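Below are two complexes that have subunit A in common, paired first with subunit B and then with subunit C.
Let's look at the complex of A and B:
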């Protein structure tokens, strides 16, 4: 009997999920909005996680650095959302950040994980910045949309700063004290199963790729891996096993439990007082 | 319809007054960057264009850094300035089509930065192989106070998104450097 109920529930959920997510973008506009939101959600959520360090950084300079990077990432998201809002005819970009639920967010799971210790934050920033570097480098050459491309070029300059920052910390911590070395290694081990999503290409991506609005991230996987491996090894650390289980499905709404908690904090004020204004 | 000519005239609140695009550029020079109060938004290269569309003035601005919290304040200040000068119909538009670079900063602005105690940005270089360049040592930035080259990068990120922090061993002073992007 209980199994029966479970089966009914699963089939209902499937119908719901299908109807919510499995509408493949057809028009150029739909594909562009999907791409903008996927890029922006990664950046908003990671920017929010980074902002949690404000006032808690291991030293003053690092507190400032993490806050600066958080601002950049949220700025990137805001610009991308604003363009999506323009296409969809919404009054402003706030809708995307404040009025969607966790299953509507299209970010990869890696960016929503709790901030962890400083080593975990650095491992994530390093892996994500390297991915962003290769992704944007290709997108700038490919994207045939002037406004979108202009944004990408602007963000690319800042991504380089972010990559330089986290790379230096990986080397400093990995090749540092016994404690910092162990924590850095543990951080990479823990996060590795979330790296697969950066290189998973689904039919939504393909719709955008076919319209010259996105690029296949598998094409730069080898370069990403080789750069990441070099830095991790230079930091006297061991590269985790690539054949392990990889998390998947977050871009289509299957998130970890952490995203809901993050959104509860981020969206609370705006949802409780939708018309609130800075005075 | 966009009007290219410089001497086009526009009605303001005082109907007998007419103004040129050049006049608007001059007024915008009165809007000061809130984070770097020695520079105005025109010298910074934030104002990209002033256009007349019918009776409307369109001011195109571009953000310096994506996460720069001063951008909103700058936009508000530009609006205030135009209103103060009696412009009735205007629109401040954020333009992303070309990304801001420190090369747009005038030489005069860079000189003022140095006098203010901020090491100005150098000319940007094309880094063909950025990933390989990560292994290079950081460029030497001369101290804005004593011009010593014995300076040391302390953090890539400073009090604002556009600056990094240095320390000068020549005069034992910390200083900020305007990052070149």
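Let's look at the complex of A and C:
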């Protein structure tokens, strides 16, 4: 009896707080929502970081390109959130972006790191877009949910462009001037310990994998590695050590200090004026 | 430093053309700066093809375009002014051809 009361309490709390203390998704709906939010949070946070370049790009044309990619990624996140909101019976997707705290965000740490210099932004975009490319390619073949799969197919086209754009920049900066070469190398060295989270699979992922709603990212790790290695070497750079310490735990709420600051900026207006509208 | 420092710091200029539909001629969209041909194509996509303007893009280094000069305007274009017979509308269509339509 007591146990049942506790279970009721937990499930009630869960409707109010999606947090790191969530229990493993049991139902198909829970697994689907968890997967949608993990994908969406990565894309919203990286999209926001890219948007910080608006007005600060190295050239007008690159400013536009980065803002375009930012908009694409925030758009992907919005579509995924909207589907999660539909399943959870929320009025709209804004709740996920604006009314959760940092501990509830399920993104990997790599996407929340400050934008750094242009080389760092490009290194991160290249590594993440390569990961997205292989991930979506597999998900499209595997995901058994029609609406979810439709979104993935639509977004995949844009991911291909993000990959092409960032890859070309890695080649040009790596094999460019002495300064651009050094900065590009430094960016890869700095970001490398955050790449491990892309390929970490926990029991939340497994719940979704078992229901054909997600895929094991380890299955494409070798492809990711060989593609990334080829580009880095073609850019006359050195591939950082893959066996170094890897950051972990962000998907379950253990974020870097940077996420809180990002959210403060992103969420401030909506939280201070919840009823504000675009006029 | 050279006399004109902007030559060193600015990326080369490219002209962008896009094709609105299959079979249609390419139209000039504008120009942009880019490091090389591949980046010019990508920048053209981001600058001029965001609103479904077309299905194909050409980029050409601006300094490779050979243009007529303002002084050419008279000798190049004025002679056409008084030659309306160069337009197909100048000729009336024979009745037999009209009927067939």
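By our rule, the second predicted complex is superposed on the first by the 258 of 279 C-alpha atoms of A that agree within 3 Å, B and C clash if a C-alpha of one lies under 4 Å from a C-alpha of the other, contacts with A are read in each partner's own complex, and residues count from 1 in each chain.
In this text, a residue touches a chain if its C-beta (ideal position, glycine included) is under 8 Å from a C-beta of that chain, and two chains touch if they have at least 3 such contacts.
All values derive from a computational prediction rather than experimental measurement.
Asker: Check the residue A:61 against both partner chains and state whether it touches subunit B (first), subunit C (second), both, or neither.
Answerer: both
Asker: I'd like to know which partner A:261 touches here: subunit B for first, subunit C for second, both or neither.
Answerer: Neither subunit B nor subunit C is touched by A:261.
Asker: Which holds for A:154: it touches subunit B only (first), subunit C only (second), both, or neither?
Answerer: Touch partner of A:154: subunit B, not subunit C.
Asker: Have a look at where A:165 lands relative to subunit B and subunit C in the superposition and call it first, second, both or neither.
Answerer: Both: A:165 reaches subunit B and subunit C.
Asker: If you stack the two complexes on chain A, which partner ends up touching A:218: first (subunit B), second (subunit C), both, or neither?
Answerer: neither
Asker: After lining up the shared chain so the two structures overlap, which partner does A:7 touch, if you call subunit B first and subunit C second: first, second, both or neither?
Answerer: So A:7 meets neither subunit B nor subunit C here.
Asker: List the residues of subunit A that touch subunit B in one complex and subunit C in the other.
Answerer: Overlap of subunit B and subunit C footprints on subunit A: residues 61-62, 64-65, 68, 161, 164-165.
Asker: Considering the complex alone, what residue numbers of subunit A touch subunit B?
Answerer: 61-62, 64-65, 68-76, 78-79, 133, 146-147, 150-151, 153-155, 157-158, 160-161, 163-165, 167, 227
Asker: For the complex, give me every residue of subunit B touching subunit A.
Answerer: 63, 65-69, 96-100, 130-131, 134, 154-159, 161, 165, 179, 181
Asker: Which stretch or stretches of subunit A touch subunit C in the complex?
Answerer: Against subunit C, the touching part of subunit A is residues 59-62, 64-65, 68, 161, 164-165, 168, 172.
Asker: Subunit A touches which residues of subunit C in the complex?
Answerer: 11, 32-36, 38-39, 42-43, 45-47, 50
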